[in-house]
Structure formats: C-alpha cells, structure tokens
Amino acid sequence: MATEVLWWIFAAAIVAFSAGTVFSRSVLHSAIFLIGSLAGVGAMYLFLTVEFLALVQFLIYGGAVTVLILLALMLTRSDARGTPDAVNGPQLPFALLVSGGLMAVLIGVAAGTDWRPGGVPDSPTNIGIETISERLFADFGAPFVIASALLLVALVGAIILARQEEGE
Amino acid sequence: MTSPTTDYPGVAALVHKHLGKIPFTASKHSTDAVIHIDAGHFLELVTGMHDRRELAFDYLRNVTGIDLGEEGLRCVYHFYSFKHGHAIQVDVQTPPDNPHIPTLTGIYAAADWHEREAAEMLGLVFDGHPNLKNLLLDEDVRIHPLLKAHPLQKMELEQGIEDTSAGFKF
Amino acid sequence: MMLFADALFGLPNWIDAIIRVVLVILSMTLVVIYLTYGERKVVARFQQRLGPTETGPAGLIQGIADALKLVTKEDIRPKNADRWVFEFAPYATFIPVLMMLMALPFAEDWGVRDLALGMFYVFAILGLNIVGILMAGLGSGNKYALLGGIRAAAQMVSYEIPLVISLLCVAMITGAEKDMNGTGTLNLNAITAFQETRPYIVLQPLAFLIFFTAMLSELHRAPFDIPVAESEIVGGCFVEYSGIRWSMFQLTEYASMWGWSVFGSVVFLGGWAWPFGVDAHWSIQLGTTLVKSFLFIMLIFWVRTTVPRLRIDQLMSFCWKVLLPMSLVQMLMNGFILVYDWPQELLALTSALGAAALVAIIIRRAMRRPSRDLVGTYKTLGAPAQ
Amino acid sequence: MVPLENYLVLSAIVFALGVYGVLARRNAVLVLMAIELMLNAVSLNFIAFAAYLDPGKITGAIFAVFIITVAAAEVGLALAIVIRLFRNRATSNVDEAAILKW
Amino acid sequence: MGAEQAWLLAAIPAGFFLLLSFFGRPMPRGGDYFGVISIGTSFVLFFFVLADFLDTPGKVGPIVNSIEWSNIGDFHLRMGIYIDPITITMFGVVTTVALMVNIFSIGYMKGEPRYYWFFAVLQMFAASMLMLVMADNLLLVYISWELVGVCSFLLIGFYWEKRSATEAAKKAFITTRVGDVGLLIGIILLFKATGTFNIQEIIHAAEAGEIGQAYLFIAVMAIFLGCMGKSAQVPFHVWLPDAMEGPTPVSALIHAATMVVAGVYLTARLLPVFAVADGALLVVTIVGLTTALLTGFMALAQTDIKKVLAYSTVGQLGFMFVALGAGNPSVAMFHLATHAFFKALLFLGSGSVIHATHHNQEMDKLGGLWKKMPITGTTFFVGSLALAGVIPFAGFWSKDEIFVALNEAWGGWAVLLLGLAAVMTAFYTTRLFIRTFMGKPKDEHVYEHTHESGFVMTGPLIFLGILAAVSGFVVFHGVGKAIGFPGGITEFIFLEHHGPHRYEMDWGFAAGSIGMATVGIWAAAWMYWGNSTRRSTVLAEWSPGLYDMLQKKFYFDELYQAAIDRGVLGFSYVVAWFDRYVVNDTGVDGSAQATGFAGGVLKYLQTGRVPNYAMAIALGVAGLAVAGLVVRG
Amino acid sequence: MTVWPEERLATVDSFNTVDMTINVGPQHPATHGVFRMVLTVDGELVVDCEPYIGYLHRGLEKLTENHDYRQSMGWWDRTDYLAGMACEFAYCMAVEKLGNIQVPERAEYIRVMMAELSRLLSHFMFFGAFGADVGSFGTSFVYAWRERERIYDFFEVVAGDRMFPTYFRPGGLQMDLPEGYEPLVRQLLGSLEQGLEDFDGLLTGNEIFVERCRNLSPMSKERAINLGMSGPMIRATGLAHDIRKAEPYSIYPNLKFNIPVGKNGDVFDRFMVRMAEAYQSIQIVKQCLDLMPGGLVLNPDLPKTLRIEEGECYVRTEGTKGEYGVYGMARGGNKPYRMKLRSPSFCNLSALKEMVVGHYVADAIIILGSLDIVLGEVDK
C-alpha cells in the first residue's frame, strides 16, 4: 500500500515537473524542472527494482547531462527570464494536436493491449546488477563497444564543433 | 629660469646640430636643458628627436601642462634617451586662445594617459589623440581644475554639495 | 532491493531510520561548526597567527557564535536574481551531501543504510551537487556568479571522470578478495571489512593520489578553488548570498568535505576495520574512522595554506592530460593483474610505480622552473653573474 | 502493487509532453530538454517491459543503458551545435536558424 | 586463387585506403608506392581471376559467390559477387587504367598538398568501382554506385581551396544525385515486383514476364535515369565538363575510363530487362544519339584541352548507349574497353602537357609541342587517331561494330546521325591535336618552359598507347583465340544471350567509317593547319550568316554553355524559355497560373526552419500511429 | 576641446552579444585599492580591457599650488602610501633644487637609508599581495605583513609615525636618528633577509606559482620603453636602467649596488627582479650604516618661510615602483607655481590594456598584480 501511494506521488511529481519543463517561460526554470523530472524517473527505476539504472540515471543525467544543459544556458545566456515569444506561435495548435493525439494513441494502446498471453505479473521482478552486467558484457558486448566508440566520436565532434576557431 | 638664448646649452646643442632646420630657442634650468618651440614645429622636432640615431630620444617620461595666465597654456615634455643616457625638456607654448598641440601618441604609446590628464586638467587639446576623454575626473565633469582661474571648490559649487565661499583662507 | 542494516536497538525499521538520520544530521552540524573553527585555527598556525581566541576558552565557541550571527543576518536577494532559483540553490547543493552521508559506514553497522551499491551511490549522488552550484551561478543575476558557475561546471564534470575511475580501481580489486569469486562488490561495509589486514592505499597508492586530487577539485579547495576564487571572481557563485543561505553553502562545503573524507578513509584507508580489526568495539571503530577523516581534512587545510591557485586551462590540462591517463593506466594494470590472477603484491608494486611516476611528473615540471640565479647573484654586493 | 499499465500511461504522458516541447518551443536548449524527456519516457517504458514481461533476458534494461549512453553523446553534440549556432548567429532560437532554406 | 575470391580485388584497395588515409600523411612520399602496390596487386589478381574463369570446366559462365548479409524476418538479404564476361571485361579495364593512372599520378601530383589523400581516395575509388562491377545484387550496386560518386566528389573537389573546384564538385554530386534518386526508385520498384535484389533473378523474372509491361517500363526508365546521370547523358551531361576541375589523372580514371561508364555497365548488365520492356531500347538509343550529336557540336567550340576531351567522352558514352540501344551489349562493352584505353591515354597525355606547361590547358597558348615532348606527342597522336576512328587503331573497330549493330537494329537514319557525330569526333580530335602539338607555338613564354615529362609519366602513356593501337584487333576471331579467349572477344561476352557471333568485316561500313574519319580530319586540317585562322575566315567571308551559326554551333552551345555555367539555375532558364514560348504562345495560360499557384502554396512547405520539419515528421508519426491503431482495430 | 561622453557614445559601433563585460573593481579584492577595469571577456578570455582610474583623486597638484612648501609635505607622503619616505625624498629634492638649498651630508645618508627601507616596505607589500593574487590563501600576505611591521616599528622609533612620517624637510630632516639606532637597524636587516628567504621558499619554490607566472605577458625592451614603463617593470625586460645609477642623485654615487635585470619581461621576471632588488636594498642600507657621518641633519640657514623667486626643475628619483619624478616651477612667493608628479604606477598602469588583452581573466588579475600599482600615486 505504502509503495503504491509513494508511486502515485512520484508519478504526479514527474508529470508536474515534465509539464513545468515544457511550459515554463524561463529556460532556467525549465532546466531545473527537467532535473526534477529526471530524478523522478530515476525513482521510478527504483520502483521497478533496477537500482543500478537508477543510480546511472542520477549520475549521467543529474551529474552530466543537466550540467551540460545548464552550462549551455550560461554560455548562450538566453535571457534567464525567457522572452515573451518563447513559444513558437504558429506551431502551437499543431503541437498541441500532435502531442495530444500521440498521448491518446499511446494510452489507448497501453490500456487496450493484452501484453502477454496468460497475464502480466502484478509486480516487477527484481533485476539485479549481476544480471545486467552478465547480459551487457556477454550478449551485448559488441553494442557496448560500439557505444563507447560512439561516445568517443561524440566527444571529438563536440570539441571540434564548439572549438573557437582561429580569428573568430 | 634663464631666458631663452640662441647659444644652445648641453643636449640642446646636440639637437640643434642635427635638427637645425627647425626653429627653436633653448635655455637651461637646474636639471635639464630646455628647448622652446611652438606647436606648429613640435611634431617635426619630436619625430626627429625620436628617429635620429644620434639623438634617439626613445622615452617620454613626463608631460606637464602649466597655466601661465595671460601668456596662455604651456605643455612641458620630458624626454630621455636610453641609448645615450641624455635627457631634455621641451616647452611648447600655446597662444592663450588656441591651446592646440599635436599628439605624440603616434610616436610614444606612453603619451596616451599623460595627454589625457593634461587635457582634462588644463583644457589642452591634443590634435589626433585617439581617445581624448577624462581620465581622473568623472566622465561627465567639464571643469579644468588646474587652471589658475579655477577656484578650489568650483566643482562642489556646481554640484550643489557645498555653498560656502570658494577657496581656502590662509 | 537494497540491503538494509539490522534495526538499531531492536526498534521498528522506520523509527530506527529516523533515529539514525537525526544522529547523523546532529553530528554533521557539530562537526561542521568545529571544522570552521578548526580550519581557522590550523590556517592561523600555518600563517604564524593565533586564530580565534576571544570567544570562549581558546575561542572554542567561535563557530557557534558565527553560526548564530549568520542565521540572524538579513537575508538579501538581489533585485535581478531569479527568485526561486536563487533561493532554492543552497538547498539543492545541501541535499545531495546529506543523502551521501546517509550511506557512509562510520563504524560497522553505524551508518544510516548499508547499500549494496554504496560506492556507486555516493558518487552518483554527489554528481547532483553541481546542480545547486550552477543554480546559484545562474540565478544570482551576477556576472561573477555566472563565471564561477561556468568554471565550477567545467571543473567538476571533468574531475568526476578520474575520480570515478580511481574508485573503480578499488572496486575492481575487491573482486580478488577471498569469498568473492572474482566478482567485486560496491558495498562500502564490505570494502571496509576487506581492508582489515591492509588498507587499499597500500595496494592502490596511485588511485589514492588521483582520488585525493580529484576530491580537492570536487570540493573547490585550493589549489582547485577557481570557481570561488576570491581574488578573481570574488567568491564566484556565492557572491550574492548572505545570512542563512550563505551559511547553508558554508554548511554544505564543510559537510561535503567531511563526507568525502570519511568516504576516502573508508575506501582507501581501511575505514573502521584497520588497524583494529572488524571485531573491535564500536567506539574504537568510530574513533578510527573519525581520526582518519580528520587526517584527511588536515591534509586539505595544509594544501590550502601553501599552494597558489591554478588557472582554468592548467586545471583542465592537468585533469585530461595527467590524471585521466594515469587513472586509466591504473585501471588497465589492475585489469591485467586480476584477470591473470597474479599476486596482490604486484598490484601494490605497479601502483606504487605509477604513483612514483605521477609524483615524478609533477616534480620534473617543478624542477624545470627558471633558475633562481637572478636572485642568488644579487643577494650580496658581488658582481652579478650575467 | 503497481500494474504495468500505470508505467506505460505515465511514460505516454511524459512522452507527449516532450513532443509538445520539441514542437512548440523556440529555444534550442529547451528543445533539447524536451528530447531528453522523450528519451526518458522511452527508457522508462523499456525498463517497465523488462521488469514485467521479460525478467529473464531483461533486454529492455540493456536498451535503457544504451539509451542513456546515446543521450549523453547526443546532448554533448547538440549543445556544441547550439553553442556554435549562438556564436555564429547570436541566437539560440531554432526557428531563426533558417539557413536550410538556401 | 579462384574467381570466387574475386572480392579480394576490391578488398585490397579498400584496405590500402584505410592505411593511407590514416597513416599516409607521415609516410615518406605520402605512401604513393602503396597505391601502386595496391592496384598492382589487383591488376595481377585480375589475371588469376581471368585464368580461373577461362579454366572453369565445361563452359564459360558466371561464377557466383554470395554470403548472407542480413535477415529481416523471412527476408534473407544476400550479398555476393557475380563474375561473368562483362565483369571480367570491366575488371580488366578498371585495373589496367587505374594502375596506369596511379603510376602517372606519382609524377603528376608530386608536391601537391594532400598528396597522400589523393592516393587514398584513388584506392577507395578503385575498391568501390571493382565492387560495383562484381556485385550480384542491386543493393550492393547502389552502395558502390554512391561510393564511386563520393570518390568522384572528393577528387573533383580535391583543390578545395579553389572556389570553382568546390562548385564543380557540388555540381557533379548534385546532378548525379538526381539520377541516383531515379536509380533508387527503380531498384525499389524492381524489388517490389520481384522480391529480390539479385540481378540474375530479376532478369529471369522479367524474361519470364512476371512483371507488368508498364510497370517494368517505368522501373527500367527510372534505373536508366540513374545511368544517364552517372554517364552524363543529355540532359545530365552538364557536370562532366566542370568535373575537369579535378586533377587530370582523376579525369582520366574516373571521368573518362571507369566511373562514367558505370551507367553503360549497369544498362548492359540489365539489358535483358530493357529488352523485355517495350520501347526502353528506343529511349536508350535516342538518348545516346542526342548526346553524341550535341556534345560533338559542343566539343567543336572548346579551347580548353580537357573540356574538349570531356565533351568527347560524353559523346563516346553516347556511342555506347547507342550500341546498347541497338541491343548489342558486347559491342558496347567492346567500345567501352577501347574507349577506356584511348581516352585515358588522351587525358594522361593532356595531363602531361598541362604538367609540362605549368598548368596551362588553353589551346590558344599552346602549339608546336611535339618537338618539345616527342613521347607525349606521339602517344597523343595515337590516341587521337584511335578516337577519330582511323583504321587500324582501336577506336575504328569498335565504332565500326556500333554502326553495324545500329544498322541492324534501327536502320539507316540512326546510322546517318551517328555518322555525323563520328565526323565531328574526327574533326575536333584533329583540331585538338593540331592546335596543341603542331604548328608554331602561340605563346613563346609557355613554349620556352615546356619539357618532356619523366618516365613515371611517359611510361603509362606508352603502355596505354600500345593498347590504344592494338587492342582493337581482339575483335578478330583469330586474335581473340590467340590470346586465350575461346571464340574471340565477342563470343566471350554475353555468350549465353546472343549465341556465337563471329566478327565479320563489313567492308561497306568500314569504307564509310574511313570516309567519315577522313572528312573530319581533312576539314580540321584544312582549317587549322599552320595555326592560321585565314582558312576559317574564308567561310565567314563567303556566308557570314552560316559562319555565325557555325561559330555559335547552331546556338546549342549558347544554351548549353548557360546550363553548364549556371548549373541548375541555367536549367531553370530553359524552363522559363519553354514556359514563355511554348505554353504562353499556344495560349495555355491556365496551366501556367495553376503551376504558379501550386508553387506559391508549396513553397511554404520548404521554410528552411527546423521546427517546421520536426512538425512535419511528428505529424507523420502521429498519423501513422493513428492509422496503425485504426488498422489494428 | 575635450571630447565629451555624448560624442564618444555616438562612435560606439555594434555591440557584440557573445562577449560579456565584467567590472573588476572599484571594490574588488584584487585591484589593490579603488581601481576599476572593465574586462570584456569571451568565456574566460579577455578580449578588451578598459581601465578606469581617478577614484582616489585628491587634487594633489592643485593642493600643492595652494600650500606653503612645507605644508605640502604631508600630501606628497600620501602618494605612494606604501613607501611614504621615498615620496618625501623626491619632493624635498625638488624644492631644494628650486630654492638651491644645501642639505647636510648626514641627512643625505639618513634619507637614502629611509628611502631604501621604504623600498623594502613596498616590495614586501608586492610579494604578499602578489601571492594573494596568484591565489595563495593569505599565507604570503601574512608573511609580508610580519616583515613590514618590523620596518614600521623602526619608522615609529625614528619619526614617531608609522605610515606617513613626514620625516623629511626641505633642507634636511625633521630630527636626527635616536640613540642606539644602529643595532636596531642591523637586527632589522637580518630579519628582513630571513623574510626574503622565506618568500623565496614559499613562492618561487612553488611549481604552481611558477607555472602561473612564467611566460605570462612577456614584453620586449623596445615596447616597454615606448610604453613609458620604468622601474622593475622595465628592468624585467632586460634593460639595466636604474636612475640611481643612470642619473645619480643624493649620495648614491658613493654606494655600491647592482641593478638586477630579467630576461623576458614576463610576470615571473618582474617578481624576481623585485626580489633581487630587495636584497640589494638591504646591502645599501648596510653601507649607509657603515658610512654614516656625523653632523647636523637640517640646513641651519633656512628661513622660517621658504620663498623661492624663480626656478624650474625636473627631479627624478628611482621610486619603489619606478621613476618617481617631480616637475617643479616657482614664480616667487611661498607657494610653488606648479608642482607636477610623474608617478611610476600611473605610467605602468597605462600599459595594462596592452598586457591584459588575450589572456585569461585569472591571468589578468596576476598581470595587474605584477604591475605593483599604488592607487595613491596613480590618482594623485
């Protein structure tokens, strides 16, 4: 019971933070709401008993991604309070339509699908770090290496992109 | 202060030897030889003094503006040569109503602030100076405090801070 | 789910948790107050001064007085600051530190929670610490704060990498312990217990050096204090804060210093287990941990009083060109030795060689400095050598 | 206990919010944040599936790991692009970067 | 090694590409020797493949070797090689010319910036070209097709410091892309109809009549669009002359001998499918004829050596398409091979001239170079004769074959048109040779500093010169048999489709051919011998109008020069012209307004703003999701 | 006439949005007084620097024109307030040149001794403050203060005042040295030498310090001369120029000392030159003690009120920061007609922009510190 109540609280927080992220006038506030939302999703991972991924979520998103975003905010110094036309006016109705439609479809699918013949278990099964590591290093070795190469390439690419060029 | 003569003392003789075409007079005071020249020939003289190897006045040590009352403003330059170790003073006298002197910033980077100071303190105008604005005083203050005519508290009077009579009493 | 410790005093689980949290918070407050006092005293001694003497015997209640003063000061918020961000920033920095303290084993079974992924938890949570500082930098509406925020972000993100790798090295060698069958552990209590006979600093001196350096950087302590550099950007992110919010930052700084020190002593210095063993009385274990952590803090103070500050590019190049390669080397060496099951002495040997290399790199750079002949030849009236 | 559908609905909502953010906001950094929201919704979905339907193989959780990795790389690159954009055009609004029209 | 391992031919240059591109810069001399080693190995391997192929017991036929590429559900994508005579021919051409060009480049490119990179890309080009010709499925063909396009892009824009070079590279890439889109559509259409990418299976399916006639025609035309783009057929020919901005060896290898014939190759490869589709071969013929004629006129006007050769290349490609349109791939391949040899020779010769005269490629400043550069001059002379179709050089035999085949297929009108093109070929070739090598030097300064190139450059010239002189003889049964082909070269190629074909000399056509060459050469010699312009002015004095028309090349040149100069923009002028004189004059104003209105509406779709595109994508996704939900119920 | 702000604003061209301007000062820990520079930074890089001075402007020259010659002493004390006696020295010499006043020899020796001790005061201040600029947490500062306190204690013994003693007079000194001063000074010199050794160990022995300073904003001789630099700044560029040797004044010709020179003119050389100079100052003071003659310390022939008829002079001394020059002009009466100060800090500071642009913000602070400015004499 306690778990469910907590779950609903976190779910509400995630939705609220996400809404704050996309609706907030100030980009800075958006970034901070985003952190809340990401942390909430991390907590969701805990509910799903994947502690490892929850911590990875904190480390990568909390420690790196949001920091990068805030850093970019600082460097581009968009007005912290946001500009009055921060919303793309002409696209707004379409955006609402599309996101609303997508949400309706997804919820419809989620609710209306029989996910597994024979029924879905009530509660999540525990996923230990050992299982993850075995799967990751045994079966997904090649993608793992490729992902690391991707990170390296992204690193170099980002450096080259953001580098101050001569005479600039 | 001795009066200007045409027998050039000390370093002034050297300057006359090499830049004799430029009309100037010379004198000597307790520390340096002095060259007196008008603003029109000043830049030519300084260029020569800077460029001629025998003179090589490569160092501008000081610029002083003096308000000589009805004689007008005078600007006193002190030069030094690191190469030869000699120093000289150049007096540029401007007429009372026309305090224009060519700037030396093109030759000596050091002249920048000195000239700005002289300009704000005495109202000298250095023609060609790239950035002739107030240095020590506020940017929007339009007084020349070192003019003899400037009362000691004029600025305060203008700003309405104090309305006692101007000047100290000794 | 996470591993929970046995309930203290046989109380229900949630009451037990509350008791433990309150205890940790209280002791943290006390430690912080006396750390500020201690720092002033220690630094004063380093600088041939006396430090606080007036308030209380030998100035002992100076910290409390300071705290009182700060709490009662006016809380000022600049007009063009972003209100919520500005006001929430101190708490955003403080919460991760508090959460970290929840996972530290001060003695066997003397921590709030004993987590299976404890080590990972600690540095994952501390990664969130930056967010608060960035919020302060962005929300203050001050250019110094902004610069400080940018510097802090760049610095902390960079130094997190060698830090994590140096900790990974330790996590790797736990796999070589008895009963582990080649799979390491991230549980801090387990790691501590493994060090009963010898602390991991013996096996991993290089990793320890890297950890200590990166830790200084994460804490913004000299010589890596460029985000708060007093002489350049006047305190960086904290420039606009005053009163209770500023004291919150101060609290965070010292609490995280303490937390890091405990963490470091647990991971590298054997925590509560060495040298008195896992069976010692809890008070001895607690004392051991605290002494080790204060030694750490002493070291931090010492470094702070003696070295000048690095420049941002020097800081970055030190991280990316020295610390990161060295930490990767350490990890690779560990990997080889562990995979081929070579004896642990080799771990100690190779790591010591690496540490020697790191020190040698720094010393070689120091020796490259221009000779002091200039001063030497002018000390007397003799003719200069030039 | 919490059924699987709850997670799916939650992630659908977050995803839809992310879509809205991408489409309706002008600031490039904000668009990026909205993309992060979408990615998170997706990985939440993956993990929920892994935990409920696929506990033996947990392919979903592994996918989440890769999603996080790719997100990190993507953010790094995208922010570099934003900074470049800002340097070149003094704006970080996506709809002012209309150079594609040439 | 056997022919099954022919993939090594492509793999070795690819490996050397990686080596050179990563480590080439620090290598001594930029690692150019690796280029020669790599292509040389392929060249040697080619003979092994050939020998193995000929030794295959039983019959001369295709060798297939394929591996599983990927599985998507029930669909198994296989990737493999398919070796048949046509592939073998291409192997021979590509490896020979590439080897020669590599050797030549060592001399030509010496001291250039990014020297190593040039060789690296050459290797990549060789690898992808070889892969293209041995691929057994259209998907692999498409990949290699794009890869050679990329290499061409890189090499045209090799001097990217020059704006014109980058513009030319972009132009080439974009123009060919238009065709490539067609190719992709065609491949997809064929795949949809047959369920496979495998070329042989598609051919079987087409021949078995499994594909509807109209559908097949559209698919074939789409693929032919790709071939036109790659082979620079009208109206896509605009990119090739501009592509001469690249280094001359590149022009020789890519834009004369190999890549541009990829279109010919693919058409030849799929010719059975073309043959099934009614009317497809007529289209091919018409395109080929148009190209041959138009570019013949254009070549008359050029003063830049390489531009003349470029137009000539386009024209000769038109010849090949004509041969294909006549349904005779063996002749097309034969001309392809001989053309590759003598055109590579001509380009390398012009490269030698350019190199010797310090990057002067204007005919107006050259002249009398034969004395200064005897080897280059002689080999160039041989190449020119081959191009002009003078008996007994290689070009004569292959061209003659084309005329015979064309006559059989479409009759006399086509032969006459093509004959006109052949006359012009002879004319401009002679003009080129005379103005460059004969007569008196026009620019003394340039002439003074000219010198013969080193052996590393003249060696390939001599080798190719010999090939250009004698390779035509393989057409004879005896010669073909003597060098190891059972039944001579024509019998060797496309054995199973057209049966034994023994070459017979058709003396009537031969005489006509010789006559055409003579007329062209004589006319050019009359006009340009002794570099006097007096003769050309005779015509002008006699009939200014006609002369003006000749000088302006029947005004085609204006039109096409504009298209060349301004690329796509110029093309829109043509459209505007069409709109003004055809649409308006015939009074169909309504359609113009409709077009304008549609354009006005549609232009808002292309805003250039990322959010709008994102919105479009999102709308599409949402629509798909809804549709999926509806379909699923 | 002068260009006023409105006209200047009109010439400001487009504002670059990428760069950020930050105000360093006038209340900033690293500006050594009320100095302000507006740095335009691109990230951490300084792309433009605009120094603003005048916050401490007291109208020194105007005041001097309106005061008796002796009354002005106190004003001049407060120009280089880190080394008051050196300023008094120059002012007194100017008045003496104008009025042709003789100074007793003992007074000259004492003057030189006090001036050199002032130089040590100033240099110690530099070492301490510079260490703080580089980021050493107060330690160097406290070390410097310890030594400075000792010198101040001695000043207090001699003149009754620590910072602004007003000890010199035109024509001599206010009073003679106290009894038993010699062992006091020798002990002081010993401890100063020890203090210098401490600094050597603390700063020049520190890898980070050296890395921060070396090759930072190097300057060529020619450029330094053209920019009007003087003192340690110009000696760091390798030019062995010292007014005490080049245009000797007072009893400096009788004393032996060397001129320390650097090589590159970078920040590290500036530091090292000052360090070496401090050692030389100690040697000079020792010689003064050895050669100290007896006799009066004030010219007994002076009138109660100094009246100078006509005169002009430009007196330059090697001040603690460089060439401390005083241009004096008398036209009768008990007040000078014009008294102009050529302050070394002013001239060195005018080159700040050129030195700072292109460096990091942190380096800008260090470069400013290496100029060793004193706002009292910059702002007059």
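As written, the chain order gives the labels A, B, C, D, E and F, with residue 1 at the start of each chain.
Here is the rule we go by: a contact is a pair of C-beta atoms (placed from the backbone, for glycine too) under 8 Å apart; a residue touches a chain by one contact, two chains touch by 3 or more.
Bear in mind the structure is a predicted one, so any value in this text is a computation, not a measurement.
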Contact distance in steps, from chain C to chain D: 2
Chain pair with the higher count of C-beta pairs in contact (C-F, D-E): C-F
Far-end chain from chain D, centres as C-alpha averages: B
Rounded Å distance between chain A and chain D, as computed from the means of their C-alpha atoms: 6
Distance from chain F to chain E - Cα centre to Cα centre, in angstrom: 81
Inter-centroid spacing, chain B versus chain A (mean Cα positions, whole Å): 70
Separation of chain B from chain F, taking each centre as the mean of its C-alpha atoms, in whole Å: 24
Chain D: positions in contact with at least two other chains: 19, 23, 26, 86-87, 95
Contacts with 2+ other chains: residues of chain A: 49, 56, 64, 68, 71, 73, 75, 77, 88, 91, 94-95, 98, 102, 106, 126
Of chain F, residues touching chain C in the complex: 20-23, 28-30, 41, 43-44, 131-139, 142-143, 146, 200, 202-204, 206-212, 214, 256-258, 260-262, 268-269, 272-273, 275-277, 279-280, 283, 360-363, 365
Touching residues (chain side chain C, partner chain A) in the complex: 1-2, 82, 84-85, 88, 116-117, 120-121, 123-128, 130-131, 134-135, 137-139, 141, 146, 149-150, 153-154, 156-157, 160, 183
Footprint of chain F on chain B - complex, ascending: 1, 29-32, 34, 58-62, 64, 66, 76, 78, 82, 85, 87, 89, 108-114, 119-121, 123, 125, 132-140, 142, 145-146, 150, 152, 168, 170
Of all residues in chain F, those that touch chain B in their complex: 1-5, 8, 53-54, 57, 59, 61-62, 65-66, 68, 97-98, 100, 222-223, 225-230, 239, 241, 246-247, 310-316, 323, 325, 327, 329, 337-338, 340, 342, 346-347, 349-351, 354, 379-380
Complex contacts: residues of chain A adjacent to chain E: 88, 91, 94-95, 97-98, 101-102, 105-106, 108-109
